[in-house]
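First subunit A sits with subunit B, and in the next complex the same chain sits with subunit C.
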Partner chain A sequence: MIRRGFTLIEALLAVALSMTVVLTAVAGVRLAAQSVTAANRNAVENGLIRAGYFMAVDEADFWRDYDDPFDATRQRLRGYDAARRRGLPFTPFDATVMPRSGTPGAEDERGWDPEYQWPASDARTWFHGNLVEHATRTQHRFGHHEIFAHVKEEPTLARTFVDGLGAATPAYAGYGQVRTPHTWAANQLTALKNALGYYGVTEYMPANTIYGVHGAPGADNAYGSGPGDPLAADDTDQGLAHEWCLPSGSGGGVQWRFANDDGDTAWPRGIYRLVRDSTFPVIPASATPAADTTPWTLQTLVAAHGRSWATDRVAASWQTGGIPDLLAKAQMAIAVVPLRPASWPAVSRATMRYLNNCRFTALNKIRWISPVTGARSELSFTLVATSLRGARQQRSPTPTGGWARPGQPTLDAP
Partner chain B sequence: MTGRGGSVLIVVAGMNALLATLAIAFLVRMRSDVEESALVVRDAQARIMLVAACDYVLEAGRLGLGTATDHAEGYGWIDVRDGFMGPKAMAYDAAERTARDPTTYPSPRFPVGTVARFPMHVWQRTRYATSLAAALNPIRTDGGVAAMLPYLTAPDPQPAVDNGWPAAIDATRFDDGVGGATRRDYLHGDPRPTTTSTGMSWFRVKRTGPARFLLTCGAGATLGWKDYAEAEAAELSGVMPGATQAFGGDPRVFADAAANEARLWYAIEWSPAVGGATYQCIDNEQSPDHYQWRPFNPVHERYPDGHQSQPHARNFLGTIRWIQRIVEPPSDY
Partner chain C sequence: MSRAFTLFEVAISLALVAMGVTSVLLLFPTGLKTQQMARYRVYASAKALEMVDAYNTFPTANPSLESEAPNPWDVSTGRGNMAFDLERRLSSFRFGIMPVPLDIARRIDSEGDEIARVLGEGGRLYYSQPLATTGFMESGLPTAPPNEAQRLVFTVVGHAQSNAIAIFPWKAWPYYAPFPSPPAHGTHGREPGFSEPLGAIETVGGKRGILFEDSFDADMRPVFWCRRSDGAEYGYRHHQVAGTRDSAIRYCQAALWYCARKGLTPAFYDQATPITDFDPAATPPDMRWKQVQALRFLAHATTCLTTYVDHATLSAGLAIPPIDLIEDGTTPAPYTATHDRIVALHDSAKNLAMLFAASHPYDWAVPRPLERAIMMDHPLIEWDMFSDPLRGTIWKTSVSAAQWRPVPARPIENIGRSFQFSNLPIPSDDPAWEWGRSSLPSFWGDEAHFTLTNAFEPSERCRQLVFWAVDWMAYEDVETAPSAPVDACRYPRGAPRLNASFTALLTSPPFFDWQQYSYRNPEKVMLFKQDLSDPVANPTGSDVSTRILGLSGGPTTLGSNPRGDQEGQAADARAVFSGLYGADRNMNRRLDRGSLPRSTRVRAMPVARFNFYDLRVPAALR
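After this line comes the complex of A and B, so read on.
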């Protein structure tokens, strides 16, 4: 008898074996598919991080987040506060901001010469003062060298000083009206400070600059609010311009103090001491330029570029917030892909430029959030790239003029 | 083949095909990712060359432009003594300064318009190379030889065993010929390129003004030649025999290398200023410490017995005043 079909046990075994095979196959295929999905997800994430990197390095070289040379609505750092006679990092050096006059190459030359390369052999570029001379607690902290270098060509140096160390020390008689041989460097320093703000002046001046000038710049120092304000008393021919060398500490708000209060010192300093405990940042027109509907006012921006930001402390009431305040105002966060599928990671980049501890820093951060786990990651790096002066030389002074080609007008030579 | 066997074959083949498809998709995705990442690597490599080129400009104004027998010191790209273009060893005297225009009289060593090319590679062994290999402390600590006592009387780590070194250490210790190595090898290193480091990055420097330079920063295999014709001209003129052999003498090989490399252009300006003509109060205002106090230039003491201390110069080669990325590739670099 020919037996056809299966017994029940055979059928059950066959089904069980088949199920095992099929389940194994399905698990394998599912695993493979998950691997491909994970690979795709990683590839998307890597691609976005790469995009963030290229956007960051492009920004480091071209400063578009601070000043878009093709879009007049995104050039707010080109503003100029005429009432206070102060500009911003991208303010063009036009006839109002940096008027040119005098004899090229001579001490009486004024304004910015973009071709001049500041040779150390040129006495115009030297610091004419005596850092060693001791005349503390007066405004005589370069010694009696205001007769050699001054913001004015013919200052009146009539005031008699008494050394603050004691009654036994002799008084120093004034000189009367003198003709000062060196006025170029002091005026470059003052003009660049007023035209660009504190970050700009420190970048434009040579690395060994002593920040301070004899004699107040008079009406250029228009921030004094009247009698009783220390800046108002600044307008004399003799002594040091207060904005450079008197530290802040008088309270929040607009301070207009270039010097920090490191060590309670009150004299002209080089860049190391100035930014050892504090920072000069470039403050963007908005920390979130893509979404901000209430960008800061011109006056706020000008004030933000005319103060020393304390960064040796997290927060102090008299320094209006310290580091958190600086980060909130100076660091821009920009989405790499503003409109993205929900399955893509949220990738953003942050840019911040500042001078601290003698270093001009272009800080970049690329951040991403996993859509699956919510994990946050960050890649932080700094770059050697285009400086502020380089960025200004890249740009046409015409609001929609785009990039300046060789030989064309720039923000430095409009 | 039975129908059952055929069915199994179809199922197995189908699953294999599916898995193969997934594997291929995975591999293609990974390969694409790697290729795109290579762009990032090349860009980063080119940016490192910007730092290298700036370092070259800083150092060459003061060092390295002498001859093999005349290691004369330079005084900057604009000579800090006379304002003429350098670097040069001797300052011009009064008669020479009167007779020449400092803005146009050419530098003797690197006149305006000069281009220098620097293909980079990693040495087999750098000068003064030391090994990270852990070793026993060779300093004798038995106290028996006073002159050789270490600075710390209880150094850490302690020698695990008596090292048996002689009391006197002299230069011959570097020249014992072990493995053929000599002290000279230690001093001079081994400049032969490591094979994996060649053809990866380079920079070019063109002097465009007394203190201004156009830098080309590259990551790729062209060795910094602007184009094949430049390499060919260097070869034919005898400036660099065999220059085109790196490309097999074939312009298409060069073109292929050029198409796959990153090139960035920057204008920079050198400044003789060194950083920080100021002091740092390393003893935190008023109290002396183990560093020098009352050094040169004790600036602005607040009190008669006060002391501020040393200047904070970061280097003695000058600084880079500004950097500007060139928006469009220049025609002449």
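After this line comes the complex of A and C, so read on.
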């Protein structure tokens, strides 16, 4: 029997076919390996993004980045500047900040009643001022509305007015001292503003509130560029308090008073006009809360909660003090996983809370950097969040008291 | 005899093995795809939540250039902007969702041709700006890193719903006024296109305007202003100008005359303690609005005295001589103003105004108190889609039009007239009522067709946000494709202004453009101001920051009116405004071009669906 080997052609074909199979297999395995690697990388990245998202949702509910109820060293937004009588968003309403006095339910009641719901039917809650009264240019042509509502129970209306439009017309002396029937709402507004700052007061007040009080027009935001000092003696009890109604007009996006700097609109207003162009933020105790490498001083924090930022202007003069400055102060960046393998992407989340355009916003950004390419990506979103009032009512007033159980003392009712 | 495999058999076997191995290996990328879709679902969840939140908190007070209409079949030009559909509310330059350019959207395939169907029905496919809905001026923000979420496109499916009418066109109730206050007057009455009653009284000082509230109750007119036969002037307007003790007293005299005209005696208004309730025995419902208005004017007038008369004098009492104001025989009783009575009047006016608003939500005789706006100020009115519509011609034209009849929860009493068209009566149910241009034997719809308080199944009203993932930003014309067509209602034009030029209509609206985020092209802040489609003159990656409308077309100083290319006076500006040259859609301030030619179609992968409701009753208070 003749045994014959493969011919050269057969051998070549066999080798070629084998090579094809091997190459296909190798390519397939490589593709599979790459797919597995990419899928794994995506899975890790997705897991971290999801973790960041859930952390953001959790933070939206509990405000722990701003105030850790279990860590006394991370509760600096509970501070209080006794010299200036101004607090921060987590300052407890204790006997120093919100002393209780007077008759519950009456105009002379003072301090914060956490159970009170501000019903629209309660005359104490109504604004009694003149809605077209300018904070500085008023001639009181339509009368002294200070006689109806005031921060003081017995103000003295001493300022004189000139009759009519001509210089030859007679001047009228002040109205004199009166007993004002409505003092509760003005004191609630003022006390809340001083205790919590601008964001806090807008969050606590009903949506239909008219912001503005009569009395202490010489008073101003002590931390701003205004001339007044809240502890200085009043020059008169007449007119609207400047801090509520008078834009400071300091430019550069900085507004040192409660009023929105949208022109010469210096009269009492609702929340829409106040935040249409401006933003009231919650400023964290540090721009880097985890490391706390750049903590703000108490005075800086109190000042920052007593001003607004222009966020609807793009010109250069507004940019400096506007959006970039706001982002630098109000936005916290926190690593999702502080310690991680080098092969994992660096994922961080940035969070920020503020009020503008009538919307209380919890802005979140999840950012990640690819460990392979170094490319940066971002998911930016806002969330429906627990209110500041809700967050305060979650917390025990004692520094290590943790969460408050129902019926236990809270920051609103220490 | 045993035989080895032939070469052919070996080859076939190897081929089969290779195909099997390859097929198995090809399954691996599906894991990758699964991970990608998982990520898109996170993006979609975050975006859907944000959109619904932003929709529910959208400022209701955003300026609308005009919101009322003269005829039942007319609608205001801003109606579409103020409609409470999710996509209409949010597709604006401050609320973050933009229509995908129609040229590109039509190249996207989807399961069941759902995208094509939505586009075919006049809907839009949307994408999200790379930033969240921050409320900040986007062009003032630093550039954001690339955002994969921009690959998500989404739309709203499900029938548009007939919910409560957010703005009743013939009278955009609620009208608010401070209490106490003078008769309501405003500036729009003298602006072109708006109507005013014959012989309307102008305001003085500042912007020109008219008294309009007297179109419901003529007795308010002398309270606002009148001149007697002896030449002496009375009323609010005179005091506003004169600002003297004498003018304040004359304003009080006018307000006291109004009380007498309404049949009110000092037993009602001359009290030292505040009135807290209507006397149900002595005050039939049709008298209550008269009491509220009388206290409103008298309290305001007497408060004016306090600037010119001191506390001590007023404590002793200041006599207000009664006067027959229009010499028709109506003379009020003598009245002495005191400090205590002025304070009591103020509280009484507020008390009764609040009580009236809460007790008579469908009686529009009295404006609602601005000091304490409440949900109940907003009436429940919907269109009756099951009755014959009202028909006529559009105001001052021969164009035929129709409108559904409105159906309120309860009959509206004392509907009065509107602020913007105060010379035109609003039709009532009086069969004899004559419109002047056409007859309307029945204005209101059938009350049996009122559904706003009915229970409903989710399937009856649910709409759905549908998200897909597609790399539409890979198209070569991703940034140079024109914006999706902008609805005419997005242009803030002065209306109604018959015979005005197109340019005049576009340039006269007296509002700052940056405040009108319900209006304009939703892509406004990223629009290109010139044609950048030539790749030689404008290579991919070019810095386009100086060619973006939002970066260079905005106001430069506070108070300046941002005219120019934002308002569209010139034809070229209108082209910019319509988005003819495209937009910096990823907001990186660079000109981006993808690798996909326009002739290529892409397929969108379904990501997620979220159910939601449009607001049944928009009644946000701000």
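Definition applied: the second predicted complex is superposed on the first by the 335 of 414 C-alpha atoms of A that agree within 3 Å, B and C clash if a C-alpha of one lies under 4 Å from a C-alpha of the other, contacts with A are read in each partner's own complex, and residues count from 1 in each chain.
The rule is short, and it goes like this: a residue touches a chain if its C-beta (ideal position, glycine included) is under 8 Å from a C-beta of that chain, and two chains touch if they have at least 3 such contacts.
This structure is a prediction, so every number in the text was calculated from the model and none was measured.
Engineer: Check the residue A:A346 against both partner chains and state whether it touches subunit B (first), subunit C (second), both, or neither.
Structural biologist: Neither partner.
Engineer: A:G390 in the overlay: touching subunit B, subunit C, both, or neither? Say first, second, both or neither.
Structural biologist: first
Engineer: In the overlaid three-chain picture, which partner chain does A:D61 touch, first (subunit B) or second (subunit C), both, or neither?
Structural biologist: In the superposed model, A:D61 contacts subunit B only, not subunit C.
Engineer: One more residue to check, A:H145. First (subunit B), second (subunit C), both or neither?
Structural biologist: It touches subunit C, and subunit B stays clear.
Engineer: Tell me which partner A:H128 touches in the superposition: subunit B (first), subunit C (second), both or neither.
Structural biologist: A:H128 contacts subunit C only, not subunit B.
Engineer: Check the residue A:V337 against both partner chains and state whether it touches subunit B (first), subunit C (second), both, or neither.
Structural biologist: After superposing on A, A:V337 lies clear of both subunit B and subunit C.
Engineer: So which one touches more of the residues on subunit A, subunit B or subunit C?
Structural biologist: Counted on subunit A, the partner with more touching residues turns out to be C.
Engineer: Is A:R276 touching anything from subunit B or subunit C once the two structures are fitted on A? First, second, both or neither.
Structural biologist: It touches subunit B and subunit C both.
Engineer: Where does A:G176 make contact in the superposed view: on subunit B (first), on subunit C (second), on both, or on neither?
Structural biologist: The second partner, subunit C, only.
Engineer: Kindly list the residues of subunit A that each of subunit B and subunit C touches, one partner per complex.
Structural biologist: Residues common to the subunit A contacts of subunit C and of subunit B are 25, 28-29, 32, 35-36, 39, 42-43, 46, 50, 53, 120-121, 127, 131-132, 141, 165, 207-208, 210, 263, 270-272, 276, 358, 383-384, listed in rising order.
Engineer: What part of subunit A is in contact with subunit B in the complex they form?
Structural biologist: Touching subunit B from subunit A are residues 25, 28-29, 32-33, 35-36, 39-40, 42-43, 46-47, 50, 53-54, 57, 61-62, 117-122, 127, 131-132, 134, 136, 141, 165, 203, 206-210, 263, 265, 267, 269-274, 276, 358, 383-391, 393-394, 403, 405-406.
Engineer: Which positions of subunit A touch subunit C when the two form their complex?
Structural biologist: So the residues of subunit A in touch with subunit C come to 10, 13-14, 17-18, 20-21, 24-25, 28-29, 31-32, 35-36, 38-39, 42-43, 45-46, 49-50, 53, 120-121, 123, 125-128, 130-132, 139-145, 147-148, 157, 161, 163-165, 169, 172-178, 181, 207-208, 210, 251, 261-263, 270-272, 276-277, 279, 311-315, 317-319, 322-324, 327, 356-361, 363-365, 367, 375-384.
Engineer: Could you pull out which subunit C residues touch subunit A in their complex?
Structural biologist: Those in contact with subunit A are residues 7, 10-11, 14, 17-18, 21-22, 24-26, 28-29, 31-32, 34-36, 38-39, 42-43, 45-47, 49-50, 53-54, 57-59, 61, 94, 130-137, 139-142, 144-149, 178, 239-245, 247, 300, 303-312, 339, 342-343, 346-347, 350-351, 354, 358, 369-374, 514-515, 517, 550-551, 554-559, 620-622.
Engineer: Quick check on the complex: what are the subunit B residues that touch subunit A?
Structural biologist: Result: residues 11, 15, 18-19, 22-23, 25-26, 29-30, 32-33, 36-37, 39-40, 43, 47, 50-51, 54, 76, 78-83, 102, 209-212, 266-267, 269, 271-281, 285, 297-302, 304, 312-314, 319, 321-325, 327-328, 330 of subunit B touch subunit A.
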